[in-house]
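In what follows, chain A forms one complex with chain B and a second complex with chain C.
Then we have the complex of A and B:
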């Protein structure tokens, strides 16, 4: 009897061949990630520290050493921090209600999360420019209710920027939190109550630690998205509030200063990497 | 006290739902505005803006370009990403964990930074044809969505089922087609939808690779908004939204939306 007569799966392939096949399978993705992602990022770092005369830190000195550009970096961080904080304060309690919802109500609530998520950022930012105009709905409503007498300027203010950013990035906060809260075993809270813990203690010592992975994931996502947002500040506040993202676009598309734009890009990248690393460490900690 | 806390949670959830849906309703309402300014609440209704979408400057080439790039990059990413996910899930790959992290890492990177990095990189090697650079760049935008979804989907797939089918007389391609493809179809669909939308919507990467004649739809739309916003733009946005609603509705029928929220396991 020859080997060929045996059913193929019973002939165990050698470890080497399986490994070779696995490498062949990942090769196309590896080429994409290495060639169109990792290499260009390394090159960007290079562009930021090299000029016609050789190595230089001039771009970083300009970015982190002049008050104007320090303000730009702070604007980015401020946008990220405010958006993340407000999105968290809204999302956290809402996630608990969402986890209790059943049937059609749950479907409707989930749809309100997914629909905006799938709609273009440009479309949503455009909607906020309509909503917040001085003759827009928000002003008209406030005047009709007698809260204000004359329309207040809302578009192109920091309020408009934050409202729009929270609105656009909110789903990225509530979805990871909801995913954890929905799996929360209610018996932990009951056990804590049985053992005499007050609702407040139960929340702080039991619920909050258990939902921490969702919070960390949501905070990291929303912060890294909002700190580098470009469309939202461009449409809702404009030139008045320069951020790292708008400075990068300006350096490349208008001023033709690739070295400086690259430095701003590297700083933004460093912020993103710091957030990812920190959140990975936080969610790996026991408790 | 617990009761008050629950009521508070519900108030926040309802408020959040209204807040999230508000801009979409406003866009839809504004698209039927009878006047060129967005007079809300509406005093009448007009569908004339829908007829004007096709006459927006450069609309058709941009729509075609965005569709081509989104469909092609999604197709290529679905193939290469699924193959990579299979290799990672089977555990025969040295350094699989690191590679899995690397595959999804572009998701956490600021899009604008990726955009300028690619602009520099493509320039350095003399690769400057806008259509081709857009396609290659969008592979990095779509691949992470495919990799993330397929790695998660495959982690629940039992590869011994393929061996079982082969022992029962199936050919190797036959057993993959009959056992693995049906089990992974939901993940495949979700991965495809997410990566298509990610590419179709992308602005921060495309803006650095486009030129005057090659502009994707999001670039064109931002340009319209900055130049002369009128209800035509709201009409266009409404149609895109409607397309998304249909896509989501169909995928909800097929696989269930709660699955996309990551609550199924």
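Then we have the complex of A and C:
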């Protein structure tokens, strides 16, 4: 507290200088966010509600009023929710295992998480098509082992889509949870036990709440990534599972309906923001 | 149950981590309502012994009995043991009241009972006004009190403190020592403190267990521990002393004659002639000048340290040996550095310890 020690006439300007410095630090990122995100978003919103005749909600009516496009919205939601749920169920125990692992095992496990992040989504999605197609590795192996006689249809099913999406987005769930779990002092669980809490009660009342911030971060990341995924559904399931992301691409690239594409984009963003905000609210500290 | 009945019994408890023996056949019996301190250097196994009592570490051999029940294989959540951790381990996602209520809640106590117990525990540690606070908004001393309140709220059979005061600054720690002792006596708690602070051990406890390398070297009341240390280690660990190496010349009747490089001394102890020993005495037993039935030695004053009610005088007795005397203001003239002085101390306050036991 150096200011406190200074005589009053000197202290006042130094506080102002600190505030100025703070603004100075924030300003560049503010400018970038405003220019790169906010401005395009405003334009997007504008395009979605304006046509040749002025203001209109037609694009939104078409999107949220026709069964086909409601199905598209539902597909996106389903993809996002299923991927997030399954990724969470795998990641939560995995994060604990990772935090418990010691020495070289831990390095290897962390590397297997980080390395795939360096590969492009397209490469990973293609890898899945190679694995899953009728003459792919999985089918060939199963047939060679005599477990099945004819290839099973795996590629271009929803299962393939979810499996691929979970695989590709998994690190974004594990890493934030792992970051929290690795910091978790084992003494909290011990304190709970000495106070009479069984392992299950300790988990529900102590471990889960303390790791919630990691869960929220992982859920927010994986949901917003998977609900808006484009490459993954395009390569792993294709035409028969249209999502908001593929609909947007179609509207811009094929149908030349920028207004409709923009409306789909706005809806997609609204869904992602709603889920992220909702999950963030869950992790608030008490009072 | 009578006051004197054994309440916590640790019998032959051993524990190894890999090749290192951390606890080596520990025996410890504590009466109901007793406050016992485990005192020892870092790594001697204090925390491990506490964890074995709490059920957080499984001993390799031996038994733990609590309130007449063999709890050796009972998991911690069924032991009814309260632990105050050094880091407090307060739940950051709960308020002060939420932390204190935790133990009762998980035991399924009724809402009214919980509220009453929380209020009682909070007023006991004088934190009633902070019930709704977040843990992160508390000072270290306040967190220490909340941890204590949380542990006593469930009325455990025994309270275990692992260096619970060591994170506090000296002044607050000394206040808390006195306050904690009074509070624990008020609620008639049975408690074990772990510390490596000898003043804390002497202040807080009815009995002190001096631990060294996984063993209890001495279990005694603070006064006895200071006046009659059972080993060189106990002597060194609690309080200051003068120590001189020598060889036993003659022995008998619990007394020995010891030849040293700075003179011949009589001391209490049972040894065979020829044994190498350390002769020791507490500094306040050393006086300037002669007294009857006393050992004496002379030397040149090396340093004089004034400490308020007492003055510590370090005397170079030659041959690499030194004498440490603690003189009070009443002892008349305090020497100055380079004075040649002669010190004496009673034979009955002189101990001999085996040389090889030196830690």
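Here, the second predicted complex is superposed on the first by the 248 of 287 C-alpha atoms of A that agree within 3 Å, B and C clash if a C-alpha of one lies under 4 Å from a C-alpha of the other, contacts with A are read in each partner's own complex, and residues count from 1 in each chain.
Operating definition for what follows: contacts are C-beta pairs under 8 Å (C-beta built on N, C-alpha and C of every residue); 3 or more make two chains touch, one makes a residue touch a chain.
Everything numeric in this text was worked out from a predicted model, so none of it was measured.
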Which of chain B and chain C A:177 touches, first, second, both or neither: neither
First (chain B), second (chain C), both or neither touched by A:63: neither
If touched residues of chain A are counted for chain B and for chain C, the larger one: B
Contacts of A:40 with chain B and chain C, given as first, second, both or neither: first
Which of chain B and chain C A:192 touches, first, second, both or neither: second
First, second, both or neither for A:98, with chain B first and chain C second: first
Touched partner set for A:154, first chain B, second chain C, both or neither: neither
Touched partner set for A:209, first chain B, second chain C, both or neither: second
On chain A, the residue positions that both chain B and chain C contact, one per complex: 199
Chain C residues touching chain A - in the complex, by the definition given at the top: 54-56, 75-83, 85, 87, 89-95, 98, 102-103, 105-107, 132, 134, 150-151, 154
Residue ranges of chain A in contact with chain C within the complex: 185, 187-188, 190-199, 201-202, 205-206, 209-210, 212, 285-287
Chain B residues touching chain A - in the complex, by the definition given at the top: 1-2, 5-6, 8-10, 12-17, 19-24, 26-27, 30, 38, 40-41, 79-81, 83-84, 86-88, 90, 92-94, 99, 102-103, 105-106, 108-114, 116-121, 124, 136-137, 139-140, 143, 147, 163, 166-167, 172, 197, 201, 203-204, 207-208, 218, 221-222, 225-226, 229, 233-234, 237, 240-241, 244-245, 247-248, 257-258, 260-263
Residue numbers on chain A that touch chain B, as the complex places them: 7-10, 15, 18-19, 21-23, 25-26, 28-30, 32-33, 36-41, 43-44, 47, 90-91, 93-94, 96-98, 100-101, 106-116, 118-124, 126-131, 133, 136-137, 140, 167, 170-171, 174-176, 178-179, 182-183, 199, 220-221, 224, 227-228, 230-231, 234-235, 245, 248-249, 252-253, 258, 261-262, 265-266, 268-269, 272, 275-276
